[in-house]
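Below, chain A partners chain B and then partners chain C, in two separate complexes.
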Partner chain A sequence: MAEAFLLIAAATGATLLLTVSAALIGIVLGAPLVLLAQSRSAILRGIYTVFVHVVRGVPALVWLFIAFFGLAELGIVLPALASAVLTLGIIAIATMAEIYRGGLAAIRQGQYEAGWALSLGRWSLAKDIIFPQLFRAVSPTTATYIVGLLKDSALASIIGVPEIVYVTGLEVQSLGHGLELFLFAGLIYLALSIPLGVVSRVIHVRLTRRYAVL
Partner chain B sequence: MSSFLPTTPAPLSWLWDWYQWIPTLLPGLGTALLLTLVSVGVGYPLGFGLALLTETRSALARWFAIVVVEVGRGLPILVLLLLVYRGLPSVGILFDAFLSASVALVWSSAAYSAEIIRTGLGAVPRGQFDAAYALSMNRTDMYRLIVLPQALRVSIPPLVNLGITMFHATSLATVITVEEIMHIANLEGSIYFRYMSVFMAAAVIYLAITVPVSLYADRLAKRLGGVMTVRKTVLRRPAGSVPVSAES
Partner chain C sequence: MDKRMDPVHTDTRAIEVEHSSGHSFVQAEHLVKRFGEHRAIDDVSLSIAKGEVISLIGPSGAGKSTLLRLLNVLETPDSGTLRVGDAAMTFDGTPVKRARVLAIRRHTGMVFQSFNLFPHLSAVQNVALAQMRVLGRSKDEARTRALAQLERVGLAAKADAYPSQCSGGQQQRIGIARALAMDPDLMLFDEPTSGLDPEVGAEILAVMRELAADGTTMVMATHEMEFARHVSHWTCVMVEGAVIERGAPAQVFDAPEHERTRRFLSAVLGR
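Take a look at the complex of A and B:
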């Protein structure tokens, strides 16, 4: 039993690897995607809307199976871990783009006008005026989403990535004690999401203090 | 489905032949919708109860509600499913697959909806409660006539979105052998080795339900527009009365 607890706890590494890689992919690549939503071209905006609705309108499990079984059928054989990162990453891109879009919508038109009035360049306007406010606006939502990703990463167990839920399933199969072991797995998720919440609150408070404009 | 067998499909045939799997997957959609209905129909009322419990004076009731909500929201739904289906039997509680999935999804939806409803109740201004006390309303009437109509304006759009999340979450029940869409899709895909085509069909089915509902939720959010929006009907002149300006 004690060994089972240790093995499950050790699988936390894989869970965190999945969560962090998907989050980074989303945070970085969501930014260029949201530019499509801000574009003057109706076609580009349309592409954005369709992409976001299709990616988020289908359960993650379907994308995971397409990335793992479907691509293999087409001759693209990915390891389970890569399929899981790819799936969670693409969903994270669409979600983060939506979060950025919400953040941009919260910035008042007057902020841009003030920048123009001071004849700031485009880059300076973005870097000194828009980004700090955007960062502050999206940080709580992003933190909440990363906690969501942490829980979604459990899906990877279905295609055999040895993260928390997969290892717990194996241990329960050989030892029984399903209740204790799955509760333990659940406690790890709770324990991981609490510090994330605290960190996000601290960051938010700091940012609000530094840029208390609007 | 036997029509697929004789010839090897063209490499990209999944782009156009996915629709042939739709009839095979439809019974799974029925199961998924039934599970969604259970998780919403049982989960939301429980969520309302939990939301009220988190604000009672009894510390015991409050802590009970907080633990139920935080566990329901903090654990992945997959873990809840496995906890009920593979964990509870070790203490002698045996549910079949569908009932296990129902219990896990109800727990999750109750926990999330409790938070949504609590936010909605919190958005109703204090003065509305005071006004109800001033009219010496009892608690039931206060909630039924004053508080809930305003709280629901805030809560309904996120509750509709939570319904979509629960519909998506029914796909997870495949791991505990509930015969919903993904269970059938996986089975068919492995028999005919036509994963791409079958999963495309599954994706289309999910989209066909999700996209209209989420567009509706967006529209609803815009129309309801938060607490204390004065409804036009209130301002309308009662039928038969004479407008003031007509007399002067």
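Take a look at the complex of A and C:
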């Protein structure tokens, strides 16, 4: 039993790896994607809309199977962990782009106009005016999404990524004690998600203490 | 109706030519701005000499704000020409050159009806930012000048406050300081008191009166008729995108020539 607890705790590393890499992919690559949504070209905006709806309209589990089993049939054999990072990462790109789009929509046109009227350059307008407000607007939603991503990473157990749920399942199969071991697994998720929530709230309060968010 | 056939229009054009006498600082000729089928600005010409204060009055939706926004090219005119100081542009529907637009904007400062302060920056940072980014002033110099401008609008004590911690009247004065800190040659005021209650609006008008007395060249869209009458040198009456009457405030307010002007004034002045 003690060994089972240790093995499950050790699998936290894989869960975090999966969550953090998918989140980073989404946070970084969601930014250029949302530029498509802001484009003057209807075609680029259309590409954005189709991508976001297709990616988010299909269950993550189905995408996971497509990436792991489906691509293998085409001769593209990805390891389980890579399939999971790829799948959750692409979904995170679409989700973060939508979060950014909501944040940008919350910034009033007058902010841009004030910047233009002051002759601010494009770079300064983005860096000094838009980005700080965008960051404040999206930080709570992003934190909530990352907590969701942490929990969604458990899906990867189905294709055999040795994260918390997969390792717990293996141990329960050989030792029994399903109640204790899965409760323990649940506690690990809580131990990760509660501090994340608290930290994000503290950061948000600190960022917005002195002004009402939009 | 063809404006050129309108006797009032022809008369007022004569006034403009007379007072500009070739030394205008701002020269706008035949500006037209359409939004779809709607002619928001319908062949407006305007010339402003250094130190003049021009008020734009008229019913809501007449194009007063749009005309101001054409003067710093926040909106691009569909046709016409515009010169502010030594920066000139001709508009013919083709894409405008960014450098030309920036050259015009460098001469102008704008004060908005909804203030448009940057909410994540303190008052002094609001005023200092563009000085550093656009004029290349050092942080210390920008801050010193920002504090001086805040002092000028009576808000030195609020330098480190954020916009949300300031009243509407204070926010608008920060907005004025922010525009003034760029040393503009022309200040554009877009109904600066419309979002404020009358008593607070008076604070703003007091600041504007001082600017006018200091010789600041100003164009203001306003519903403050008494203010327009006493502070401006010239008043333009706008209706449906056109300037239908212009002249010295005493003439426009006391002896309006155009029937539409009389109707507008009698409605707003309760006569």
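The rule is short, and it goes like this: the second predicted complex is superposed on the first by the 208 of 214 C-alpha atoms of A that agree within 3 Å, B and C clash if a C-alpha of one lies under 4 Å from a C-alpha of the other, contacts with A are read in each partner's own complex, and residues count from 1 in each chain.
Everything that follows uses one rule, which is that a contact is a pair of C-beta atoms (placed from the backbone, for glycine too) under 8 Å apart; a residue touches a chain by one contact, two chains touch by 3 or more.
Small disclaimer: the values here were computed from a predicted structure and weren't measured.
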Clash or fit (per the criteria above) of chain B with chain C on chain A:
fit
Residues of chain A touched, compared between chain B and chain C (which is higher):
B
State whether A:Glu113 touches chain B only (first), chain C only (second), both chains, or neither.
second
First, second, both or neither for A:Gly70, with chain B first and chain C second
first
What is the contact status of A:Leu183 with respect to chain B (first) and chain C (second): first, second, both, or neither?
first
Does the superposition put A:Ile8 against chain B (first), chain C (second), both, or neither?
neither
Counting only touches as set out at the top, which of chain B and chain C does A:Val85 meet: first, second, both, neither?
neither
After superposing on chain A, what angle in degrees do the C-alpha centres of chain B and chain C form at the C-alpha centre of chain A, to the nearest 10?
100
For the overlay built on chain A, what is the smallest gap between any CA atom of chain B and any CA atom of chain C, in Å?
22
If you lay the two complexes on top of each other, which residues of chain A touch chain B in one and chain C in the other?
none
Can you tell me which positions in chain B touch chain A when the two form their complex?
11, 14, 70-71, 74-80, 82-83, 86-91, 168-169, 171-172, 174-175, 182, 185-186, 189, 193-196, 199-200, 202-203, 206-207, 210-211, 214
Per the touch rule, the chain C residues reaching chain A in their complex are 72, 74, 102, 105-106, 108-110, 112, 114-120, 129-130, 133-134, 162-165, 178-179, 182
Under the touch definition given earlier, write down the residues of chain A that touch chain B in their complex.
53-54, 57-62, 65-66, 69-70, 72-74, 151-152, 154-155, 157-158, 165, 168-169, 172, 176-183, 185-186, 189-190, 193
Residues of chain A touching chain C in the complex
108, 110-111, 113-114, 116-121, 124, 128-129, 132-133, 136, 210-212, 214
